[in-house]
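Let me begin by presenting the structure, written as C-alpha cells, before commenting on it.
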C-alpha cells in the first residue's frame, strides 16, 4: 500500500530503540529473557525503514529515554518510573541509554531526550517539528503500547497527522501489541507496515 | 481501601459524561443500542463519588467535549474526529454536549471544554490545576480507553499523581475496559474504586 | 513594503479588541480617560487589515480575554489579574468582553478565549494553527506590551514566523509602545505596518 | 524586605549565566566591549543568592542556552536566533555554553537546556517543577528583557507565583533594564532584591 506523504513535511520518529530496551545485553533482555529476540524482527524492519527514509530525504528524529543520575526527573507517582528509579536504570551517560547500533543516528539527524512516555512530554519535539515545518509523523518504537502509542495519541491531540508502522513496533506479548494496533491506533491515525513505507519512500 | 489523598491538593476530574455519550436519547445510544444501559452503572457510581467529593470540599473539574459549528476544530487526520465531523455531532450549543443531569456541574465548579482526547489537549486544564495548587487527579470518565486513559497518561507525563476510579469508567465492551485497567493504568498511576473514594472522602 | 507571505499558511491574529479595552463606554475608557481615543487609530487600521485579510482568504483568529464569573481562573499571584478579579471586570457573558463592532468575527472565523497574556497560554491556539497548517502569524492587538508582545514572544519560542503590525497595536503611552516595537519585537520577529499588509494582501 | 516564601515550594531559577554571555573572554564581551563588566555586579549578587538558597535548602534550577552543532534547532524566522546561527555561537560541547564558575551547578541541582527565550519553551522545566511540587519561582538571569522577563511572563501565564530579583538581572543598557523592572515585571509578579532574598533565606 502506497502512503500519501509529502517527504518535505514528514518526519520519521523512532522511539526508545536503545540498548537497555532491545540489546541482548541490555536491562530488559536480562530482566525478561526472550525480550530482545522478541523485538529483533521489528528492529530489522525499522532499520530498512530508516535506510529508506534517509535515501528519500525524509527528516529523522530519534527519541531517547534517559534520566539524570539519581533520577530526580522521574514522576514518583508513576509506577513504571518509580521502578526505574528503584532499579537505578537508564541513567544519562551509560551504555544502556545509547541507541542500538542498527538504528543509531547519523550526523545531522535530530536526537530528542525524554523522561516520560510520550515523545512530546517535557521535550522540544513539538518545537523542532514546527521549525522544520513537519506536519506528518511516521512512528516506529518500542513498546507499542507506551512510547509508540503514547506519542501517537499525543501527536493526534496536538493536530498532527499520524502514521504508525505497526510492524516496526513490538510489545511484551502479542495480546498487548494487537490491542494497540487494533483498538487504539486506527482511531488516532493511520496504521501501515514497514513495507508500505519503504515502497513509498523508494518512489520519492 | 482508604486512599491517601490531601483534599486541598486533589481534583476530581470527570470526563465526557455528556448527553451524546451516555443519555438514552443521545447520539451513541442510538448509534450503538445498549450503550447507555452499559454505561449506567458507572454513571451511578460516579454520582456517588461526586456527592462525596462535594461534601469533602474536593475541587471538581468537569471536562466536556464539543466542537464549533462546522467542526473547524477537529484534527482531520484523526479518524474518530473526522467521523464526528462527517456526522455533524457534538456541536457547541446543542443538547448533546450538555452534561447529563446526574453529573451536572453546580455553581463554582470548573468546566473545561476540549476538542480532542486528553483533557489537557489544547485546554486550560493544566493552568487551572496549577492556579488551584492541585497535584493529584482522581479521574472518572467515558470511555475508559480514550478520555479517561488519555487524560491519565497525559497527567502522568506532566508530573501529576493520578488515581483512576476504574468502576467510574466504562468502555464499548468488557475486553477494552479490562485491557486499560489491567495493562495500562496501573503503570501510569493508581487504580481504585468508587467505594474507595467515597470511604476516603467521608473520613475527611 | 511588500511582505513575503503565503496566504494559505498565514493567520491574522487579532488580540483583545474588546469593548472593555477600547470602546468609549468600556472599562478602561472610564478608568483611564482618553484611552479609547488613543486606541482609535490602531482600531481603524486594524479594520482595514481585517477587510484585506478576508478578501485575500487569509485565516483570521480572534483572541478574546475573559474570566469565569467569580474569577476562579485568574492567577492570584499575578497583579494585573488579581486587580481584574478585585474589580470584577471582564467576566464571561457580559458586554465588556464582546469584540468591538468594527472588528467582530464573521461566520467561519475562529474565536479563541484566553485567561492570561499570551494568546497561547492555556488555549487551543497552537492546536488550531497546526490543524489549519498555519506557520506564520500576523499579529495585531492591544496593548502592545502585553497581549501583542506576549503572543509574539510565545509564538517565536514555539517555532512560528511572527510578523507584528505595529500600527495596529497601541499601548498606554508612547514610551511603552515605542519600547516594544523598537527594543523587543524586531528581535523576536518582523515588524511591519497596516499599509504593508493591505498592499500585500491586495496583490494576492 | 522579607519575602513570604515557603522554601519547600520554591525554586531559584537562574538563567543564561554562561561564559558566552558574561565571562570576560566570552562571545558578548568581545562583541560588545564592556558587557562583562556591566554584568559583573549582578553576577556577584546572584552568587550570594545562590549560596543563601543552598543553605536554606531551596531547590535550584540552572537554565542554559545552547544549540546543536549546525543550529538545526534555532527558529530561522526569529532574528536573534538566526544571528546566533550565522555566528555559529553557543554550540553544545563548547566552553561558551558552560555556566560561569561563580554560578556553576553542584551535584544534585537541576540543569535544563533551552533553545529559545523562555526557560519553559520546549523544555522540561514545567514538568520538573510539578514533580518537585514547586509553585513559586524566584528568577535571576541575563538579559533582563529576554531570558528573565520571558521566563517570568511565561511562568505567570502558566499559573506560577513569580518573584524576580531585579538586581540579579542585567540588560544591555540602563534604559532597557529599567523598562522591564518598572513597566512589565511588577504587573506579572513581584520584584525584589538580592538582599531581600538573602535576608529571607537566612531566616529559614
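Think of it as A, B, C and D in the order they're written, each chain with its own count starting at 1.
The definition used in the following text is that a contact is a pair of C-beta atoms (placed from the backbone, for glycine too) under 8 Å apart; a residue touches a chain by one contact, two chains touch by 3 or more.
Quantities reported herein were computed from a predicted structural model and do not represent experimental measurements.
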> Does B-D or A-D have more contacting C-beta pairs?
Replying inline: A-D
> In whole angstrom, how far does the Cα centroid of chain A sit from the Cα centroid of chain D?
Replying inline: 33
> Which whole number of Å gives the spacing of the CA centres of chain C and chain D?
Replying inline: 28
> What is the distance in Å between the mean C-alpha positions of chain B and chain D?
Replying inline: 38
>> By the touch rule stated above, which residues of chain B touch at least two different other chains?
In response: 75, 116, 121-122, 126-128, 131, 157-160
> Linking chains that touch, what shape results: line, ring, star, complete or other?
Replying inline: complete
> Touching chain C in the complex: which residues of chain B?
Replying inline: 68, 70, 72-76, 108, 110, 115-116, 121-124, 126-128, 131-132
>> Give the list of chain A residues in touch with chain C in this complex.
In response: 126-131, 133, 135, 157-160
> In their complex, what parts of chain C are in touch with chain D?
Replying inline: 75, 77-80, 116-118, 121-122, 136, 145-146, 150, 153-154, 156-162, 176, 179, 183-184, 186-190
